[in-house]
Structures are given as structure tokens and as C-alpha cells.
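All chains are identified by letter, namely A, B, C and D, in their written order; residue positions are counted from 1 within each chain.
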Amino acid sequence: MTLRVRFAETDQMGIAHHSSYVIWMEAARVEWLRERGLSYKALEESGVSLAVSSLRVDYRKSASFDDELELSVTLTALRSRHLTLTYEVKRSADGALVALGETDHIATDRSGKAVRIPSEWVTPLKAHVADPSTT
Amino acid sequence: MTLRVRFAETDQMGIAHHSSYVIWMEAARVEWLRERGLSYKALEESGVSLAVSSLRVDYRKSASFDDELELSVTLTALRSRHLTLTYEVKRSADGALVALGETDHIATDRSGKAVRIPSEWVTPLKAHVADPSTT
Amino acid sequence: MTLRVRFAETDQMGIAHHSSYVIWMEAARVEWLRERGLSYKALEESGVSLAVSSLRVDYRKSASFDDELELSVTLTALRSRHLTLTYEVKRSADGALVALGETDHIATDRSGKAVRIPSEWVTPLKAHVADPSTT
Amino acid sequence: MTLRVRFAETDQMGIAHHSSYVIWMEAARVEWLRERGLSYKALEESGVSLAVSSLRVDYRKSASFDDELELSVTLTALRSRHLTLTYEVKRSADGALVALGETDHIATDRSGKAVRIPSEWVTPLKAHVADPSTT
């Protein structure tokens, strides 16, 4: 997934604000799912969310306004109610590693209660766990 | 209502991004209602929203990180399904006028259909219309 | 310019927050300039900004998470230190008009003082003014 | 530091978006410094930034629109060029722990190069390291 740093995403240090990465990681997650035939919109409409239970970002280089960034996503763990994704943010121009991220998710119903990830999602996700030994 | 410009609200021009004002105006609107005994949260929970149907902002001076700003709100029009609010954003330090804003709202139900503003809101709002001749 | 509504851009009404449009209009403006050979990043690096002096948005329909939107930009006025752009936001799926916007800009130097739009920008911009009679 | 969840900070799950916490933690950091006589704005103006080098957030409970939240900040590590802060986000109404966070910072000059934290900052910060054994 490729995106450009928006002007609104910069701060007065002249670089992309660190909170912007969290939003980019979410956008990359939604695209990663779509490419695997999974619509996060449809999941939400069915009443299930993949709530973020924890978040980590390591910032390696800064990203500037108008930089084109490439985000790659890896599913590193999948359990009945949880999954973990990792992210790499690279600058398209020179391939520099800009940031690494990780998010843990818990499947929840509309009341926020933990539920099983729907079975129609588990099968395609299983095919994409990066290292099956970690599941 | 008083707030401080957050670092995340600045951009690489070194000033508050113009979209931040839209969010401040919304926060000021919610506080203005609260001070009049009206909980926007409760209105939403009852199934009614005051959707923004149009928005205008005039930027007069820039606001910088950590500036304390004072937002004042005026209800300038109130009809059965619509209302209009205007906003003044001033810098606390010197009273300088930073921006003027205006939002039009339409009361909607959860499906987005226009509905009447609930009667328990109309009475207190009526008492606060800036110029009754405009209603 | 085409974009998808990000999850972070929605609010609890279940639709894109009205402040998101302001950020999309900015992103569309930067792309519109790029397509005309004008790099807003390079302009900023040269010390000139096109500060937003006023903003108007009319919201016609709501946009939902994951909707693909098409933004079109028109330059409607161009003076020595000012320009005005208008925006149309349409939903790709059905072509529905979601919003109309307008921004006025003033060219400023790093201290925020009004300056002339650089001549190397004026010529290409002149070729794209929608209706020369309005300038 | 106390804040209220803004409507714009919610998402279509009806709760505060997970990226909002990152911005609140930053706002709390700036206030924590101010209470110790340290102006982050002045630091930036002197050419030194405390860039975020890594970020962690654990989400325990959701926060809703209009919830009043209390953020407490602890300085847990201080070195010549680095510092680490931790954060607790609690709901004022019932004291519930909403989230825990941690940010690592590196002092940088305007070019992004690591520099020493200015001596006039080190002394007051030293007095506030939570557990001197961790420095």
C-alpha cells in the first residue's frame, strides 16, 4: 500500500507527526485485508470489530510532506479472538526504513465484549500468517 | 471556552493547521451547549444528531503551538430543523482576533433523515438566539 | 484525485467527520498542482506558502468508511497575491455529489507576510483559471 | 491534566479512536513539562526538539465522546540525549484505567541530529525521575 504524506499530517518540526503513522498503519491494515478478499467494512457491518488492544511504533527516520511511503503488513499471530499485525513503513524514493509498527487486536461485538473472529475470516487469515509456529 | 493549541495541531508552516479550527469550533459548540444545560452526548444517545450542513471559516491571524485561545459561540438562527452558530477565536495573550467561523446544522435521526429539533432543546435554545429577529 | 475514507476519519455518527473534508481538499489541491507541474513542496521549500485565508464547505450527502471518493479541483480566481479554488467531492460508486468546497489562499513568506505568487507559478496557473472573466 | 474526548476524536465504533490517545499523551507531556517550569515551546524555539523515537499504548477500556479523562505522566528514564515517559489515562467519572502508554524521546537539533538535552532542562528533569535507579 502506497500513500503520500499529507500537509495536514506534518507538524512544526517539518516532518510527519508521530500520530500520523498510527492512522497510516490502520489504512494499510484495511487494504491488506481487502487484498485477501476480506472487507473490514463488511465485518463492522456484521457487528464485529477488530479493536486495537495495543500498539507499538519505532520511528527510524522522519517522513516529510509529500513523501511517498510504502506500507507492508504481516500477520504474525492469529488466535480465536486475537490477532497481531506488524508493519514496515518505507520511503519509496530510496527504500529507507522509516518506521516499524505492531498492533494487537481483539475481536469484539458492538458492546465491546470479546468474541471469536468469524470463521469465514479465520480460514483466509490462516493462509497468511507469516510464521505458523507463532500462532 | 479556552483551549491550548496542541503540537499535533500544527503543520510545517509552524502554525495551527486550518483544519484544527473546525475541530475547535465543534468542541466549543459542545461546551456552549453544556453551559446551557444541553448535553450533546445525551442528544446523540437519544438518536438525534446536529449534522453540519455547511461550514465557513475566515482566518485572520495565525495561531501557534501552545497559544491559549478563547472561543466564543453565538446562536444566530434557530428553526424547527436547523440552526446556525457563529464562532470567534481570539488569542488569550493579546485578545487578537484569530478567526471567525460559522456552521449550519440540520437535526437528523440515525438514518440521516432530517427531523425536528427536540422540543426540550428548542426552549433553552430559543432563550439564547443572539438576535430574535433572525429566527 | 481518488481517495478512500479512512476508519480514523469517521466519527460516532458512523460517517466521515466534517473536518476530514478540509484535509481531503488540501490533498486534492496538492495533486491538482502536481498534475500541472507545480510542486507545493518545492514552493514551501522556496519560502512561499499558499496560506488558507478562508474556507467554505457545503455537505450534501454523507460519506462512509471505505467509500471511494473523487475530488475535482477548479481554479476560479487568480490575482497577484491571491487565488481561489473550488472543489467537488463525489462518491465513485454512484457519482453522488457528497460535498462542495471553496478555499481562498494568500501567498505568504515565512514570516506570514503577503507576497506575490512567484512568476514561475503564475503562468501555468493562468492557463488553468476556469473562467478568466472571474479573475 | 484533564481533557474531554472531542466528537472528532471518536470513530464509527462509537469510541475514541486509538490514534487520539497518542495526541492526548503529547498534550499531557507538554503540560507536565510546563508544571515543572519547562516550556516545550521555548525548547523548540531554541532549536531543540524531543522527537518521539518509539511509542507504546495498551488500551484497557474504551473512552467515549465527552468522557472526562485524567492523564498522569511519569519520567522513568533520563540520559544525556534520551528520556522516557510513561502515561496513565483514567476516566474521571469512575477512576477506571483506560490506557497505559510510554514514549521514548531523543533530543534533536533542527536537522534531526541527536544532541544533548540542554543543561537547563536536565537539572529540573532529574528532580522528577520517578525511580533514579532506572536512569
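Quick note on the criterion: a contact is a pair of C-beta atoms (placed from the backbone, for glycine too) under 8 Å apart; a residue touches a chain by one contact, two chains touch by 3 or more.
All of these numbers come straight from a predicted model, not from anything done at the bench.
The interface with the greater count of contacting C-beta pairs, when A-C is set against C-D, is A-C. Ranked by separation of Cα centres from subunit C, the top chain is D. Subunit C has its Cα centroid 28 Å from the Cα centroid of subunit A. Between subunit B and subunit C, the centres computed from C-alpha atoms are 23 Å apart. In whole angstrom, the spacing between the mean C-alpha positions of subunit C and subunit D is 33.
Shared interface positions of subunit C, defined as residues touching 2 or more other chains, are 7-8, 12-13, 15, 19, 22-23, 26, 44, 65. Subunit D contributes residues 7-8, 10-15, 17, 19, 65 to its touches with subunit C in the complex. If you check the complex, the residues on subunit B that touch subunit C are 12-13, 15, 18-19, 22-23, 26, 44, 49, 51-59, 62, 112. Listing the residues of subunit B that touch subunit D in their complex gives 4, 6-8, 22-23, 26-27, 30, 39-41, 44, 64-66.
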